[in-house]
Amino acid sequence: MQSEKKQITKKSAKTLHTAREAGYFGKKMLENALKARQEGKPIGWSMVTWWEGDLIAKAMGMELVFPENYGAFCAAVRRAERHLDISGAEGFPSTLCGYARNCIGYAKLLADNKHQVPEDAPGGGLPKPTLLIGSGAACDARYKWFQALGRYMDVPVWTMELPQTGVREYYLDGNRSQNLRFIVRELHAFIGFLEKLLGKKMDYDRLAEMVAQTLKTLRVAYEVDLLRRAVPSPMVSQDFWSVMIPHFYLPDDPEAYAFYQRVYEEVKQKVDNKVGAIPNEKYRMMFSELPPWHSLGFFDDIGRDFGIAMVIESWNYHAITPIPEQELEGITDPLELIARISYRKFTEYNDTAVKYDAAPGFFNAAYLRWAEDYRADGLFAHPLMSCRPATYTLLHTKNCLEDRLKVPSVVVEGDIVDLRVFNAEEAYSKVEAFVETMDHYRELREKAAMAW
Amino acid sequence: MTTASEPKGLARASKVYRNRAYRAREWKAEGKKVMGYFCCYPPLELMTALDMLPFRILGDMDESISVGDGYLPTVMCIFYRSCFDLGMKGRYDFLDGFIGAHACDGAERTALIWTHYIKSPCNFHLDIPHTSHVAARDFFKEQLIHLKETLESFAGSTIGEARLRDAIALHNRQRGLVRDLYELRKPDPPLLTGSEALQVLIATMCLPVQEGSTLLEEVIAEVKTRRETPEKKIGRLLIWGSLIDNTALTGLMEESGLHIVVEDTAIGVRPFRHDIEQTQDPLDGLARHYLEEVKCPRTFVETGASYGEDLENRFHYLREFATHWKVNGVYANIIRNCDIHGYEVPAVRDYLEGLGLPVLIIEQDYSTAALEPLRTRFQAFAEAIG
Amino acid sequence: MFFAGLDIGSTITKVVIRSPEGIRAAVIKPTAAEHRRLAHKVMQQALDRAGLCFDAVQYIVATGYGRINVPFADVQVTEITCHMRGIASLFPQVRTIIDIGGQDSKGIKVKDGKLAHFVMNDKCAAGTGRFLEIMARALGVELERIGPLSLQSRRPAEVSSICTVFAEQEALLRLSEGAGIEDILAGIHRAAAHRICSMVERIHVDREVALTGGGAKNAGLRKAVEDRLGFPVCLAPEPLLTGALGAALIAEERSARAGSRDMRERQRRRRLEAVTFFD
Amino acid sequence: MAYLMGLDIGSALSKAVVMDQGALAAWAVAPTEGDFSRAARSVAESALGKVGTCADNLRAIGGCGIGASFAPCTLVKISDISCQARGTHFLLPGVRTVVEIGNQATRVIKLTELGKVADCLVSDKCAAGSGRVLKVIADVLKVDLDQMGLLARGARAPVKFTTGCAVFLETEAISRVAERNTKADIVAGLHRALAARIVALAQRMRIQKDYAATGGGATDTGLVDTLNAMLGGDLLVPEQPLITAAIGAALIAGEKAR
C-alpha cells in the first residue's frame, strides 16, 4: 500500500526527434491490415518470428498484424482488462501470458461479432486472419496460444520451427549446419503450405529483394546500437522502445530503412558533439527484458533525479549483430539467408556465453557482453507476472553479472498487461537505494582494475 | 544387485518410491554410471545400451523450495523449480551425467541453468522440435545422434547397432509390462489403487530397466492373487495434465471417493503407451517414437479443417482411455504456471464434456502443505459424479 | 419422519430439521471456536424448537467446513453440493450460485438439478465475509450497517489493495484523507464484488443467479454484485440456511436409499455428544 | 549546536531519533493509529524533549516510512531501504544482511561494508510473511508481543498452520485454541511458519553473514530464535530494533545537508 501519490510521469518524453516520428509505423501497420481487410487481401496474425516467417508471408501478398504488439497496445491504452476477463471466463488460467489472454479475449469478441471487427475495438481492432503464424522460438505460449484460438475461428495455424540448442551443443560437429538445413526445409514447407492456402506461387525475386532490404535495415539499426556505446549515452531505452518498431516489424519496408538512416544521423550528431540523452548522466543502466509500456515516463524520472541513463535494453527487440561475411559468401537463395538471419538471433551471443561461462546465449549472455561494451553500472531487471520466457533467466543473469563483472541488478516486478503490478513509487524508492549499490560496485570494479 | 533381504512387488515399489536414489547409489558403487534426465524425451535406450542407469529427475512436494529461489523466479513452473531446488541442495549429487530436454519452456530453461550451477562430468541438452514435420523428425534424429556420441565419448565405448536393438527390446518389454499393469485397473473396483500404481511407475524410473521389469512382473503377479482388493468407489478418474509424483495427492483423491484408473501424464501412460518400432536404422525408430508417440501438448498437432476435427486430432486417444477404463470423471491437473497444459484446458474440457464426462480442473501449487484445501473440491466432484 | 441438516460454517452454524411436509425447525448460531466442538448443543436446540427427541430424526447430514466435527451425523456432504440442493429446491430456475461465506466464497453451476461446475477461493481472505468483517471493525461500524451505509455513497472511494490487511490500511488512509465513510464502504463492497465475480465468471455466469451465505444478507454487497453482473440476483428468504436445507433434503434421499435395518442400526449407535479431538 | 533528526512514520509505529555529533542522543516510539501527521509530531516532540532542545536547533530532518510526507515539518524524504541499511550499519557495523520485519512487509537488504544498499527484496504482494501476523495472533491469545518469545519456549508440539494469509491465520489460531492446543504450541508454530516465509524471501538473494533482524518483528525473541536457527546462526538484533530506519534517515539527511 502506498500513502503518498508521488507524481510519476506516465508517458515518456523521448529524447530523439526521430523517436517521436516512430509512432507512424505502428499506425501504418494497423491501417494496412484494415485496408487489406477491405480489399479482401489475405491477413496473417503473426507472432514475432525474428523475421523467419514475416518476409515470406508478406512476399506472398499477405498483410501481417502482430497480436503481441496489440497486447502491449491494449494495455497501454488501458483496454486490456475486458479481454483478460473474457479469457478467464473462457477457462484459460490467469497465469498465462498477458498478451495471449488479451488476444484470446479479443478473438472471442470477434467471433461473437460474426468475425466483424467490433465497433469499439481498441485501436481499430485486428481483422479476422486468413492464417495464424505461430512460433516455437523463445516460448511455448507463441504456438499454444494460436492453437487455442481454434475455439473462436476456423483458421489454420502454421508453427515456425527455430532450433534452440544449448551453447555446448551449438558447437558440436555439424550441428550448426544441420540446424540451418532444418530451418530451410521448414521454410520450403511453409511456402508450399502458403501456396496451397492462397492459390498462388511465391515470387522468389520479390522475396530476395525484401531479404536484401531487411539486411540493410537491420544493419543500420545495429550501427545505431554501436553509436549508443558512447559516453554520455546519445539515446536511451525510452527512445529505443519507439524506434524499434520499424526494424522489428517492417525491416523490408524501404521507409523503415530511410527512417533508420535519419535516426543514425541524429544519434551520430549527438555523439560527435558529446550530447547526452539526459543532461547529467551519472549512471548507465541496462534493462531486461520487456518494459512497463504504460509507465515509460518512470525512466525519465530516474534519469532526471538520479542521472540514470538507460543505455541498452531488451535483447529480443534488437537487430541481429551482422552475420560474418564468410558465412554469407556465395549464398543467394533468400531462404538460406532468412534461415541465417533468424538463427543468428538465437545464437549470436553463444561466443559470449562461452567466454563468460554464462549460458544460455539467448535472453542472458547478451547482457554480459553489453555490460562491457556499454560500460553499464547496473541492470534493471523487470520480472513479469505473466511472461515467463522474459523472466526465467533474470535471476541467473543477475547472478552472472554480479559474479563475472561486478555489475549489480535491481529487481522491480511488473507485468506486460496488468498495469497495477508495476508500482512506480516502490520502484522509485528501490532505484533510489540502488544508486548506492551502483556506487559500491563501481568501487569493486575499480579495485579489480576493470575497464569501467 | 537385489539381495535376499530385498522386499518384492508392491513392498519393493514403495521402498524405492520412498528412497528413490538408493538403488542408483548402489549402482554407482558398482562403478557404473547414473544419468539424470528431464521428462520423457531423452531416449533411455541410448543410456541402457551403454550400461548406464537412466534416472528420472523429479521434484518433491514435501520439500519447500528455498535455495532454488535464488536462481529461478517464483513465477515459473513450480515442478521444475522444485527439481532445481533439490539439485542445489545436493539431492542429486550421485548423478554422473545430466540430460536436459526442451520438453517445455520450464524444462528447457531449468536445464540450461542447471548445468551452470550443478556440475556433472557429462552434460547434454536435447532440443526437441515443436512439430512432427518430416524435417523436424530428421532434425530430431540428428540431435539424438549428437546425444549418442556425447554419451559414447563419456562411456568410452560405442553403441553398436546390436546393443541398441537389445536396449530397445528391453525397454519395449517394460512398456508392455506397464500396459499389463494398466489392464489390472480396468475392472471395477480396480485391482490396484492409483497410489500403488504411481509408486510402481516412479520406482521403474529409478531402477535399471531389467530390475524395473522384474518389479513390474512381481507386482502384477501379487496384485492378481492378493485377497484384499481396493474397495468400490463412486468415481473412476482419468487424470490428464501436469504430472503427479507424490501419493499424498493421489491418496487425497482416493480418500474422497475417487478411484484413479488411468493417467495421461508424463509419469502415467505417456512414456509407455507405444513400443518402439525396430527400424532398419534403430535411430529412426527412436526418433519417431520420442517425437511423435510420446503424446504431450508440447508437440503441435496440425490444425484440422474445423474446431471439432482439430479436437479429434488432438484428443481422440482420450476417448479410448475413457471407454476402455470405464472412466466417469476427469481430473485436469495443472501445476501452477504449467503453460503447456494451461493453454489446453478449455479445449480438452470441450472435448471431454462432449463425451459426457465431467471435468474437474485444479491449478495446484505442487506442495503437500497446500493439499488440504483441495479435499472439499475432490469430495464435491465425487458427489457430482455419484 | 424427520431429517436434519447441520451446516457448520467457519463463522456460523446452521441446523434445519424437516419432514417431507416441510421445514419443522431451524437454528442459526455463531460458530465460536468452542462451538465447533459443540455441534450437539446446537442440534439439541433445534430438536427442542421442533419439539422432537433425538431418535425421532431418521437421518442426519453434516456439511460445511466443520462437517467432520459432527460425530452423530450419518454422512458428511460438502457444502458445495448442499448449497446446490438447497437453492435448487427454492429456485429451480437458478443456473449459477454465488456463495459468500465467512472463510471462503464459491461459484456453483447447476445443470438439471445436478452439480455441474464449481470454483472456490479459500486461500486468501479477499472476497470473503472475513474481508467485510475486518473492514467494518477497522472503520468502527457494526457489520449489519456497512451494507446499508455503503448504499448512500455518491463517490465510491478507490480501494485497490487485494490483501485484506493492506485494504484495511488503505481504507484508514482514505479516511485520513477525508473521504466519507459511506464512500469508503462503497469502495470496499465494490472491491469485494469484483474479486468474487471475477472468480465466478471463470465457470460462466448463466442466469438465473442466486446469492447465498452470510454475504448475501449484505445489501451493499448484493448491489455491488448486481452492478457487476448487470442484472438482479435471486435471494433465499434466509440465505444462511440454504446449505443446511440442502443437507436435510439429501438426508431424506439417503434414508430412502438405506435399508430400514441399517437405519435402525445407525440410530441405535448414534450419540448426541461433543467431538473429542485426538492428537 | 546542530542536531540531526530522523523520522520513520510507519503504518503501525512512528519513530523519531535525535542525533548529536554522530551519536544517538534520544529516541521516541509511538503507535501511529492511522494519523500520520499527529503521530509524527508527537514522536518528534518527545524525542526533542528528551534532549531538551527544539526544532530550530535541527540541522536537518530525514524522513522515511509510508507516512513521512504527512509529517508537519520540512524534511528530506529518503528511501526506507537506504535508511534501514544505514541505521542498522550504524548500530551493528558487521552486519551484511538486514531482515526488517515490518507491519506491512518484510524486507531483506544486503549491505556493503559502508552500510550502503548492495541488494534488496521486499515481500509486498500481501501481508503473509509480514510482522503483522504476530500482532494478529498475539491479540487472539491475549498475550503481549514481547511475551511471545518466552511463551514459545514452553512449546512441545508446535502447531502446523495450513495458511499463510494473515487473516486466516487468526481464525486458524482460534480453532487451534478450541482444539486445546497450548498457547505455546500455537505461538511456536506461528514462529516457524513466519520464519520459513522470511527465509524463503531471503533465499532469493545469496545472503551473507552477519545477519540482523529489525522492525517490530525483531522484538519477538521467539521469532528471532527460530529465524536464527533456520539461517544457521549469526543473527543479531540491535538493542532498539524499531528505530534503525529513523537513525538512518537522520544520518543520510545530515550528509545531504552538508
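In this document, chain identifiers A, B, C and D correspond to the written order of the chains, with residue numbering beginning at 1 in each.
The working rule: a residue touches a chain if its C-beta (ideal position, glycine included) is under 8 Å from a C-beta of that chain, and two chains touch if they have at least 3 such contacts.
For clarity, every value in this text was computed on a predicted model and none was experimentally measured.
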item	value
Chains most often in contact, by C-beta pairs	A-B
Per Cα centroids, the chain farthest from subunit A	C
CA centroid of subunit A to CA centroid of subunit B, Å	35
Subunit B and subunit D, separation of their C-alpha mean positions in angstrom	46
Centre distance in Å when subunit A and subunit D are each reduced to the mean of their C-alpha atoms	41
Overlap residues in subunit C, where contacts from two or more other chains coincide	123, 166, 169, 173
Sequence positions of subunit D contacting 2 or more other chains	11, 36, 104, 204, 206
Per-residue overlap in subunit A, given as positions that touch at least 2 other chains	1, 3, 91, 395, 399
Touch-based graph of the chains, sorted into line, ring, star, complete or other	complete
Subunit A residues within the subunit D interface of the complex	1-4, 395, 399, 408, 410-411, 423, 426, 429-430, 432-434, 436-437, 439-440
Residue ranges of subunit D touching subunit C (in the complex, touch as defined)	11, 34-36, 104, 125-127, 130, 132, 157, 163, 165-168, 171, 174-175, 177-181
Complex contact set, residues of subunit A against subunit B	90-93, 95-97, 100, 134, 136, 139-141, 143-145, 147-148, 150-151, 154-157, 159, 161, 163-166, 168-169, 172, 174-175, 178-179, 182, 185-186, 189, 357-360, 383-386, 388-389, 391-396, 399
In the complex, subunit B residues that touch subunit C	358, 373, 376-377, 379-380, 383-384
Residues of subunit D touching subunit A in the complex	11, 36, 66-67, 69-70, 78-82, 85, 104, 112, 114, 116-122, 124, 204, 206
